Structure formats: structure tokens, C-alpha cells
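Chain nomenclature is as follows: A, B, C and D, assigned in order of appearance, with residue numbering initiated at 1 for each chain independently.
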Amino acid sequence: MIRLALLALLLLCTAVPAVAQPPLRWGGDSEGGAPFVEADPADPAKMIGFDVEIAEHIAAELGRPAQFVQIAYSSLDQSARRGDFDIGLSGIEDSPGRRASVAASVPYYEFREVITVREGDRERFRSLADLRGRRVATLGGTMAYDILLEAEGEHGLTAVSYDDDVHPYSDLLLGRVDAVLLDHVLAERAMRRNTGLVTHPEAVAVGHYIIIAAPERTDLRDQVDAILRAAMRDGTLERIFRKWDCWTEDQPALYARVLAAEGSDAPGATGGAPLGSVARAWEALPRYLPSLLSAAVLTLVLSCAAMLLAVVLGVFIATGRVYGDPLTRAVLTVYVEVMRGTPVLLQLFVIYYGLAGMVRLPAFIAALVGLGLNYAAYESEIYRSALEAVPRGQLEAARILGLTRLQTLRLVRAPQAFRLALAPMTNDFVALLKDSSLVSVLTVVELTKQTQIFATNIGSWLVPGLLCAALYLAMSLPLSHLARRLEDRWKVATP
Amino acid sequence: MTTTLRVRGLRLWRGDRQILAGIDLDAAPGEVVALMGLSGSGKTTVLRILAGLERADAGEIQVPKAGMVFQFHYLFEHLTALENVCLAPVHVQRQTRAQAQARAEALLGELGVGHRAHALPRELSGGEAQRVAIARALAVDPPLLLLDEPTASLDPARRNDLGDVLKALAASGRTLLLTSHDDDFVRDFASRVVILAGGRVVEQGDPHQVLEHAQHEETRELLQVERQRKLGR
Amino acid sequence: MIRLALLALLLLCTAVPAVAQPPLRWGGDSEGGAPFVEADPADPAKMIGFDVEIAEHIAAELGRPAQFVQIAYSSLDQSARRGDFDIGLSGIEDSPGRRASVAASVPYYEFREVITVREGDRERFRSLADLRGRRVATLGGTMAYDILLEAEGEHGLTAVSYDDDVHPYSDLLLGRVDAVLLDHVLAERAMRRNTGLVTHPEAVAVGHYIIIAAPERTDLRDQVDAILRAAMRDGTLERIFRKWDCWTEDQPALYARVLAAEGSDAPGATGGAPLGSVARAWEALPRYLPSLLSAAVLTLVLSCAAMLLAVVLGVFIATGRVYGDPLTRAVLTVYVEVMRGTPVLLQLFVIYYGLAGMVRLPAFIAALVGLGLNYAAYESEIYRSALEAVPRGQLEAARILGLTRLQTLRLVRAPQAFRLALAPMTNDFVALLKDSSLVSVLTVVELTKQTQIFATNIGSWLVPGLLCAALYLAMSLPLSHLARRLEDRWKVATP
Amino acid sequence: MTTTLRVRGLRLWRGDRQILAGIDLDAAPGEVVALMGLSGSGKTTVLRILAGLERADAGEIQVPKAGMVFQFHYLFEHLTALENVCLAPVHVQRQTRAQAQARAEALLGELGVGHRAHALPRELSGGEAQRVAIARALAVDPPLLLLDEPTASLDPARRNDLGDVLKALAASGRTLLLTSHDDDFVRDFASRVVILAGGRVVEQGDPHQVLEHAQHEETRELLQVERQRKLGR
């Protein structure tokens, strides 16, 4: 018990931040690599990159020591809102959605979205329009991805989103995609890493990097803005970008604009609900809806089939446990305890891979059988308990009338037990709808998996999550409704 | 006389209480045998053993297929009165549904609950439920019919109706074994009364004879207060 | 319906392999990269690498066209057993465990396990013994990892396993680990990719690459052996390795040994159950058991606490739904339907991230609250249904005796309902033990997550999976037993 | 005379059947009022309405806190006989457990089921359960006690014991309203009988008077067969 308590305490403590001298905690993703943020090869404890130098400059100006906090790129906004760091910078793109959900600084760097292709395709693929029918890769949750989604409709290409900026280029080399659209900083880095690729210098679009903070920290944001503006004026920023070989002729124009806008309201400086990202997600929705719906249909078909199997099998197991001889009962009890007591994921693996030596089940069938066998254990327990709760007098009356055991079960016991089993059964069916998402390990793409794909691609969980929840609800509500109506009807017959 | 029912030396313990201490009992077709005894003397237990719902610890039993009406009716809660009565004829005796239904309606009518045929058990009054349960047992027409306190919830009028039905059944060759606390009913409709006391049959014979001129202490105890009252009136 | 049927059909079909002209399907992992197998930068549809050339040589000798099948490195053995390919080669290491679970060829290449460190540590860290108290990285499921696990006990270092061969070196640069132990082929590749690293040429151990096939395909394995031996004799192998700059002076000695052993029984040529990998896992077990057990304890604590919350809340919800006014009932019904109908994963996200603006819950608490709130919906349905199944007469009798509603609930209704609710509740508790694994998304490391870490590290799911199942069972069995005993006791009281 | 119970114009429909068509009923402390009527005439319904378990569609009711013994006992299935009897005294009347238990044991003994105090309801015979239920109702000692067919499962001896208990209760100032099919019992122990027919009170008065010299057609119908039988004997 003491050990448990300690453990719990430990877990509680790790989440409570230590309050000491206030360094400026700045968040970034060192996996993003140079020239943004990366560990110094000479001294890996030290971070280097232009974002590092900008962060350190800001900290110095604020008179606070800088402290780096490693945050996954895709979690930066979320972590900002949670307050995991004071300011975040790591090649974070400006966007209305972001401006609406966190406090965003003025832009400090202007980048161009550029197309990279294999050398052999240099002439064939010069613009998005040339890529009709082709797969074009990018990083999920970026402006480039939004552009590609637009282009899906306009130019008939297929957008493919990745979680990192390395694999788009390696898959480009492998021929899995035919072009990559990303900002020129990432593209140049990729060009250095890989041979056989070529980047078209023309900008498909331009964007900006910004610094973010928690939505309520507008005070800090304003300080950062002031420091950035000063750094634009006195050449600090130019020196940093030149050092990292990222200075382009676009920057002076950007700085001029930023400095000219000083005093006037910066765009989106008001904060508020994350309407921007929601709007972006709604825009992307029509493209994802068909695949989400068909994933929902798959989920429903799989769940219904598995539940059917579970119910039928569950009835047999329960019958066996109530009426069977001691051996049958023991065997069935072991089945129930093992199937119920061990993770269904493991069972799915055993059925899909473990039995592959004997029978190679297609993934869908393996998923159905696995879920069905697992849920049968749960259903059987519900039925067994419900069957045993039917008053003895009812069974004796049936017996005395000469009904066989099977007839008694069918005509008297099961109908009365079913009423007791209905609510827990409905629970299980509703749970199964969600549990069926486990089968994605068997390469079956159902609703949750499809939602994940959607979310990764648009770089936000909000709308896909809500939509996914709504779809699950849409499947479970009619079921609950039906169950409740049945219950109400039977309630009349309760003594 | 063909013996339909023959019981010898029936014994039963519940924990360390001996409920039945060696019961001998016979009944032949055409008889209406009434089992009487104090509450808790084991009447229901005897019927349940004869019906095969309970096992005796010792004793010989020779019993035909029996129907039974329970002290607490045990109607099927999810079925209407009519469905309760039709269930066995349709599923056990394989009668057509129409045939079974017609007979069930006739039976319910005869017992005065025809108008409640489509009510669920929980919508019936105590006496109505009792009569539906009797109809359900009669519908399968078993050679031996066990009735546990069939008159308990019946008013005098209904009680006599039931008595007539039972007498007619016995006349047609069935064997009837019933328990009752109602000495008037037993006197009027039973052909024989069996008095149970201390887990044994202490006396049996013609109801008028036994109930008016009880030979045994236990029988007198059972009826004692009643008789004193009657005398004192 | 037609659409569903088509969908199901489609899913069925994808798993049925096409049977046509029999090419030699050979499996490898192109993510492994050069010099083993990688896509040709010049023509990404083409694979290049020494394993590619060896596979093509074997196919040519067999008179069959070669066909590449992409298989994740860690799944190669499993896929071989499933028959996803005829032969597999992709820098696959020889080991007794592997020999026991698949048909394995003679070794065709000898490699050395070597230590790579940061340049600055060149002198400090020359052997495993120098690395006491340090973290040493490698690829999971390799011989190198086994060596490190041994060294944990012997030299007091910490083994850190990775899923790929890139991050060990990048983390070495970042200072997250202090050395990498891997074979010289991977080490040399890493040296080319990164600066600031140095590899000690001394071999910590030697190992061999082999070709694998499904266990029953010993015929094919024998053909491959014959072809490999011929290729050793006639210099084909030497030519291939020289081309890829991998030829070392160790190879002639290996070939001599292989050719000398011809005709005699090759080691482990008998096939059979995967005892080797099991043995290896058992060996690794003592090192993992403590963390597995404490993860199990965490799972148990979390599940018990969440279930307690769910039960208490569930009782209140059920009571409200049975006794409450219409508004209360409606509100509670909505709660139940929404919590039950939407994925718990989403709910956990909302509680952990979504509410972060209002209250920053520690991960453990968020997990507990999330699971508790979700399960409360399920429990409440069970209780509601059980409460409603208690015969009316019991309630009327209580009422007529003057018991208040609450007393009736506590003294009469709940005790009788509990018996009906027990089996479904036990079901849910047992399910919760497994469902609690979802909280690993909130960075809580519970049993399933720890098992995954274990499995990745030893490169096999078999023993960790069984152990995990056993631990879950060990938690659920006492529960089931208790529930059954309670039920038996109550059964006596059933009318 | 202080009226404890006052009912005027009680009406109740079940679907389109009128069960109660305007019942007027009074009862005062010290009275044992017996409600008689054919099975299905609405006796149980009247008691349930008085107990507050059912709502009438029309009518005025003035009723003190009432205890009730149900036709089908409704003992708490998860509690022993003794626990059943002690529940309300302990939790409603806040008696100490020892106090409640002592009184419960005395009551059970008085009704002849003291030896079954630790049995669960399902282990009791019909008459034993009935008596435990009566003890449970008596234990809280309500000013008005409603008893639905308390004699149904009792043998003549037990029936008279119960009658004595009820008479004593009435003598101590309680009001008792019971239903019964047993005219002997009513004659011996009720101070007034009320005949229910067609949803109305058709006749009431001294039991001997009413039962021997029934004025109304309905009363005669209820007792008719019985009387014919008695005459014919």
C-alpha cells in the first residue's frame, strides 16, 4: 500500500511545475533540426539554430535566462495553451487559425512554398497544375498542406501528408510521391541531404514564421513584438539569418511592413476561440467526409457482425454454464475468464499472426472473429447472470407443465432474462463500436483510424474529433433508443 | 382398485429439522384426496416431491405424470392469462393454436375469469390469478393433478364452482390430490382426507368421519379451536 | 447494403494472394537503406543494395523472376511464417531463436558489433566496461541489444533500444546517449551521415547475416544454401560485397567454414517451435519484470480508483434517472448517451488538453477522471436497469412501512439490484483493466505501454505478450472469483 | 365516535372497466371492519388506495398512517424473517436493534413462527410467510392496519390465534380493516362487515346480522351457494 501511495504521489508531483527563479522557458522541436533548432554536434547539451538565437536574444532583452523546452512540433499550440512554456518558436507558421487560438507575435521571417521534384521530372512538373493525377507530399498541419488540399479540387492531384519533413523527400526519391511542396527553408535542407532532387525556385505562396505564447499572455506577446521590431531595426535579425544562411531579399520588405504597421492593430491580436483552425477544418471536411463515412460504415458492419457472433456464442456459452455438466461448465468458465481477462489486442494478434500457420484469415474476418470471440465472453456472463435471476417458480411452473429444458429456456427463461440483460448488452454494443477501433492494428481502416488520418492531415484534432464523436454517437443513439423502447415495453410486464 | 399414486416411507430433512418422517399415501383414479395439517406441517413439500420438484431423502414413490397448481400461482409474468393457459397445450401437446385457445377460453370462462383472458398476471386480482393458474394446470389434463391451497384466495361462490369442476374431473377418472385449510370445502368436495402432523400421516378416511370424530390428538389440535368456537356459538 | 457487401468483398479479396507465374517473392525493408536494400535514387522503382543483388542472383539461379516485397524489419520473421514472401534478406541476423522459428540459410556475411561514440569521448569510452552508468543505444531485436542487456548486469550501463538505426546516432550527437553499439555496416553508414562521431574498430562480438524462409520451406532453404555456397566458391558474393564496399577480410574465413560444414547438419536446421526467441526473452525478463510489475500496479491502482469513481457516480446517475424529476432525468440521459456514445480517447484528450485552459490536471488524475466519468455512464445504465428490475411489491412493502425513498433505496432496492448488477459490473471492471491502457496517450505508462516497450526492446511480442496477458489475468481472476462467490451467496436468497 | 378512516365517493377506472363506482367507508378506533366481496370486486384495490399505493380517479379520503399486510406477503427477499420484522422499527422508529429484536421475536412467537425467525422468505411455507408479514406490519404498530386476506394460508388453529391478536389490537384503540373470503372468521372476529359489489358498498353492519340475513341481492349472491350448501347439509 505504501508503495502504491508513493507511486501515486510521484505521479502527482511530476506534474506540478517547480517555481524558482523565472527563466524564459521557450518551446521548440529539436527534431525539426537545423537551421531552426537542433542540438550542437560539438556539444549536444547546447541547442543551435536561428530560432535558438532569436529566443536567446529575446530572453536577454527581457533580462531572464533562456531555458529550452522540447515540444513536438504538432503539439506546440496545445502546449502553449497548457502553459508548458512561455514562448514558442520553431519555424511556426502564421495562420488565422493559430492567431485565433494562441497569442501570436508579428512575423519575423518570410518563406516561400516551393515545389521539389526528382531531377528527371524537372521539366515535367513545374507547377501544381502539372501534377494532375499525381501524389504530392508535404508536412501535415502546414500552410503547404492547405494549399495542396485546395489543389486537389483545382488541379486533380492527391495530397499526401507526413508527420515529419524527412520522409516526404525520401518517398519522393522512392517514387512513392511525385513532388513535395514545403517551405524553401525545409526544401533547401532536404536538397543538401539528398541527391537526385531539384527544387523550383518559384514561390507557390509565401508565409511567415511567428512566435507564440499562451492566449492570455498578450503582455508577453507585446514585449516580444517590441523586441522583434527593435531587432528588425537594428539588424540583429538580419545578422542571425545571415549566419544561418537563410537571409533572403524578401525579409527587408517584410520588416518594412511590420515596422510600418507598428501601433496599428496587429492582425488577430484580439485572441479568442480557435475559429480559424475550425474554419480551415470545415473547409477540408468535404474532401474527407466520404472516407470518414465509409469508415463509419465499415465500423458499423464490423461491430454488428462481431456483436451478432458474440450474442450467438454468448447464448451458447451461458446455456452451457447454466445447464451443462461440470466439465462443460469448467471449460466454458476458463474460456470466459481467459478471453475476458486478457487484452483483445493480443487476441487479435494471435488470430491474425499466431494462427497464420494454420489458417490465413483475411484481416476483416480476423477482426470480426477476434472481437466476436472476445465479446462473447462478456455477453455470456451477462446472460448467465440474467438467466440465473429468473425466479425459480417460473421454471418450476414450466417444468410441471411438461416443457422440455430447451422449451423452458426459449419460451420462459430467455424472454424474462433478456429484459434484465438488455441494458448491459446495449452498453457492450455501444462499447464495441468504439472498441472495434483496435482492429486498425490488423490494417483495417475503421472510423477512428480514418479520423486520425484526417486529423494528422489537417493538423488539428478539433473538427475531426468532434466529427468522429458525432458519427459514433449517430451509430449508438438509435441503438440506445431502441433498447430503451424495448425496456419500456417490458416494464409493463414487471410484477 | 388401480392405484395411481403410491408413496411409502417418505422422509425429508431441511438442515437438522425433519420435515417428513415417513409418509405413506395412496390415491386412485376418481378420488379427490385432501391433505390437511397445520401450517408448516409439510403439505406443500409432499406435493413438490410428488411433482418431481424436490427430492426426498428416503422413500418409495410411484407417481404418474402430474400437473400442479402452486400455492403462489407462478403464472408466467411475460404472458397474458390466455397465453399462460395455451403454452403447454401448444408446445407440449402440439395442439393447434386455435384448438388450444378455444379450450383455454372455455376453461377460463368456467372458472369465472374469461373476461380477464388478455390481462397480464400483474393485472389480475389474487383470486383471478389463482383461477388462471388452475386453468393452466387443467388445460394439459394430466392423470394426476396436485393442487396446493387452490381455495385460498377464492370467495365462497368461486370456491364451490371450483369444487364442482374438481368433482367432475375426478368422475372422469383423474386422480386429485389437494391441500386445504378449509374444512368446509374438504367436507363438501373431498372423497378422502389425510391429516399430516409431525411429518407423519396421523389419520385418514372419509372427511365427515375424520373431521367430526377425529381419533387422533393431532387432528383434534388442528381443528380444536375451530370446534370449540363452533360449539361455543 | 450492396455497398456494404462490396466493401466486405473488397476486404476479403485484398487478402487472397494472386496465383500466376511464380516469381521469387523476396522480402526486405527498404527503409533499412543502403547498403542492404534501398530505392535507387536514379530510378526509385528499382531497389539497389547488396541484399538486392544476392536476392536477384538466387532468383536467377532458380530460374524465376525476382519480385520485391516491402516488409518492416521487425516483422520479417512473422511475415516469413505467414508466407508473405518466399525468402527474406535485409541484413537479417543469425540467432538460435530465429533458426528455431523460421527456416534459416547458411550465413552469407560476417559482421562485427562495434562501439560508436562522440569524438570528444574517443579516449574515455573504448569498451562496454568504460560505459558504466552511461546510456548505450542500439536497434531493438538485434544481437547488439542482447549484448547490451548482458552488459547492463555486468558493466552497469543502461541499454536503450530504438526502432530504427538512425536515431541511435542522432541521439548520440544530441547527448541523449553516450554510445551506440551496432554492426559495422550500420556504423559505417552512420559515420558517413554524421560528423562528430567516431567508431572503435575493435569488435565487441561477431555475427552473421542469413536468409530466411517459412519454417516448412526447408526445400527452398536448401536450394538457397546450395546457391549461396556456389556463390561463395565462384566469387559472386565477393564481387557483390566489394561493389558495395562491404568486403572485409572476415568473409573468406566465414566462407571457408560454411563450405567445410557442407553436408554436415547446419546448426538448427531442424526448425520447430520458436524456443530460441522465447529463451532470449526469458533471459531478458528479470531486467524487465520490475518495471512490468510496477506498471501493473499502476494499472490496478488507476483501474480501481477509476472504477470507484464510476461506481459512485454511476449510483448517483442511476438514482437520478430513476427518482429524479423530468429535467434531471433528461440531463442525465444526455450525459449517459454522450459519454457512452463517444470514444473515451477523445474524452481523455478533452480533459487533459481541452480543459488545460481552466484547470491543468496532472496526467494520472486526468486519466482517472476521464476513465471514471466515462465508465460512470456505463455503470449507471446497469444500475438503472437493475433498480428497475426489483419487483414492485418489494418497494411497496418498504413504502408502507414508512421507509423514506433513500432508506428504501439503501436497504431494499439497492441490495436486491446489486445482485443483478454484479455480473455486468464485473465485466466492466475487467474491461476497464484493459481499457486503462488508453491513458498511455496522456503519457501515463501502464501495463500495456510497458509491455510494448519490453517487446520493442527484445524485438519479440511472444513472451511480453504472454506475460502481459498473465498479469492482466492475475488482476481480473481474483475479481471474477470474488464476484462469483458473492453471486453464489445471494443465489440462496433468490425466490 | 372519533372517525379514524373516512372515505367518500371513491371511484377508479382500469382502462374502460370501472372497478370502484363510488365507495363510502368509515372506521373508528376499536373497530375490526371486514371487507367482503367476490374475487375481483376491488377489495385489494380499496386497501391499496387507502395505503397510498394507488391513486383513485375521484373521491375524498381521510386516512391516518396505515400499515398493510399484502395478499402476497412481499417479504424482503434478501432479509431473514426476523430482519424483515425489525427493519422498520430500527430505521423508521429509531428503536435500538436489541429493543426491536426482542419485540420482533415476541411477535413471531405469538403468531407461531418464532422457530423460523432466521429463515429467508424463500425457506418459509405459505402460512409461515403470511404470518411473518403480519408480524412485520404489527411491529410498527400503526393506528390503522390494513390486512389483505390475512387468513388465506392459515389453518383453523392459526386463524383463531390471529383473530385473537387482531381483537386485542382493536381493543387497544387501533383501527383494523381487513378483507376476507372466510365468513366464519368474519363472523367470529369482525365488529362490522362491509359488502362490496359492482364497485359499491351494497350492505354493511354486524357480521352475524349481515351474513345470516343478507338484505341485498349481491350479498346473497356472494354467500348464496355457501348457504344453499349449508342448508342442504
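Heads up, the rule we're going with is that contacts are C-beta pairs under 8 Å (C-beta built on N, C-alpha and C of every residue); 3 or more make two chains touch, one makes a residue touch a chain.
This structure is a prediction, so every number in the text was calculated from the model and none was measured.
Trainee: Which chains are in contact with both chain B and chain D?
Mentor: Looking at chain D and chain B together, no chain touches each of them.
Trainee: In whole angstrom, how far does the Cα centroid of chain A sit from the Cα centroid of chain C?
Mentor: 19
Trainee: Mind checking the centre-to-centre distance between chain C and chain D? Centres are C-alpha means, answer in whole Å.
Mentor: Roughly 71 Å separates the two chain centres.
Trainee: Could you please state the distance in Å, as a whole number, between where the Cα atoms of chain B are centred and where those of chain C are centred?
Mentor: That gives a centre separation of 68 Å.
Trainee: Quick check on chain C: which residues sit in contact with 2+ other chains?
Mentor: 391-393, 419, 494-495
Trainee: Specify, in ascending order, the residues of chain D that touch 2 or more different other chains.
Mentor: 72
Trainee: Based on the touch definition given at the start, go ahead and assign the chain network to line, ring, star, complete or other.
Mentor: It is a ring, because the chains touch in a row that closes back on itself.
Trainee: Where on chain B does chain D make contact in their complex?
Mentor: Within the complex, chain B touches chain D at residues 14, 36-40, 44, 71-72, 112-113, 116, 123, 125-128, 130-131, 148-149, 152-161, 181-184, 188, 221-226, 229.
Trainee: Can you check the complex and tell me which residues of chain B touch chain A?
Mentor: Its residues touching chain A are 51-53, 65-68, 70, 72, 74-78, 87-88, 91-92, 120-122, 136-137, 140.
Trainee: So in the complex, which bits of chain C are touching chain A?
Mentor: 3-4, 7-8, 11-12, 14-16, 30, 39, 41-45, 78, 81-83, 118, 172-176, 194-196, 215, 294, 297-298, 301, 337-338, 340-346, 349, 353, 356-357, 360-365, 378, 381-382, 384-386, 388-389, 391-393, 419-420, 422-424, 426-428, 430-431, 434, 437, 444, 448, 461, 465, 468-469, 472-473, 475-477, 480, 487, 491, 494-495
Trainee: Along chain A, where are the residues that touch chain B in the complex?
Mentor: 391, 393-394, 396-403, 407, 411-412, 415-416, 419, 490, 492-495
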